[in-house]
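We call the chains A, B and C, going by the order they appear; numbering starts again at 1 in every chain.
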């Protein structure tokens, strides 16, 4: 974790690979109150999914929408989570500044702290790469 | 919000664009106890995703499944949320009445009130269109 | 329920249809403390979605990631849920044993007990097939 999923209408003309990379980059740069790495690098990922079918707002025009959800394991401070959200939001605002002038688009960014989670298992050969 | 996501097996022969539009339409028609707009039009969207791979029930036949999840921000009354669910369910039942006679299909519709949410940001030029 | 969704990077060379089927099979085999069927067969499904765009870890190499999430209705014991998680994890570990030697991949498996759920409706002709 974080596990970031982007669900969006396919009428958005954006470089989604670059957006994924940039969101990932700001997440793995985050530090906690003691200046330590906030998230494990080997467990951080961003996945983006254009919808096959969609309808937005009053559906009278071809509005665009992008929903960014980050699921994060419990244990971080509210301040650190808010900073992570702000850092991702800054990426989004910068990346879409130009598009906002040309397209009708809504973007929502939310962080959930693993709601209702009762089981958690990891099976990975990525973590050892970054825990040296 | 509401943020509605439909995850379904691709063996369903339905007009998914029309389903998205109709679910959207009933959501933006919802009123609260005082007759006021229950959901902001500019923040309401429905996104549908056929699965690339799937397995359902005992997987002995090509069963179909459709899962409809609406994520809604906190603050609405239980009665209003139940009415929203009933209104969406009515759309689904009407739309799939004919298909139910021909295909083995399960449909589940659930509403979540933003579980575990710790961060929420909106960046949109849709809201101003509808808040006049 | 269970509603299992697999979100993964498309650079994973695995038989995803077979994985879906096998996860489904172990779920419908689960029993409760009294030896009774833990999950309704007609409501159990696994849906898999390769991401269109993604970024993982430090994104310096083409890392793979697979996130498996099972959403389960409330009412099962913690022990039964843990056993379900362990059974799915065993499938994953066996299936990916060979791949782990060749590819850098992270797999996370989590179970959520319907977080924040306020509305739940089923419309299905699958359940009657299995409730005889």
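Everything below uses one rule, namely that a residue touches a chain if its C-beta (ideal position, glycine included) is under 8 Å from a C-beta of that chain, and two chains touch if they have at least 3 such contacts.
Not measured: the values here are computed from a predicted model.
**Q** Quick one: superpose chain B on chain C by CA and send over the rotation angle as a multiple of 5°.
**A** Best-fit rotation on C-alpha atoms: 120 degrees.
**Q** Report same or different for the chain A and chain C interface, where same means the shared residue numbers exceed half of all residue numbers found there.
**A** Counting which numbers both chains contribute, under half are shared, so the two copies meet through different residues.
**Q** Roughly how many whole angstrom separate the Cα centroids of chain A and chain C?
**A** About 22 Å separates the centre of chain A from that of chain C.
**Q** Give the residues of chain C touching no fewer than two other chains, as numbers and ranges.
**A** Counting only residues that touch two or more other chains, chain C contributes 49, 114-116.
**Q** Can you list the residues on chain C that touch chain A in the complex?
**A** Against chain A, the touching part of chain C is residues 7-9, 49, 51-59, 63, 65, 67, 70, 78, 81-82, 84-85, 89, 92-93, 96, 100, 104-116.
**Q** Name, in rising order, each residue of chain B that touches chain A in their complex.
**A** Touching chain A: residues 1, 3, 5-6, 16-17, 19-21, 23-25, 28, 41-50, 114-127, 129-130 of chain B.
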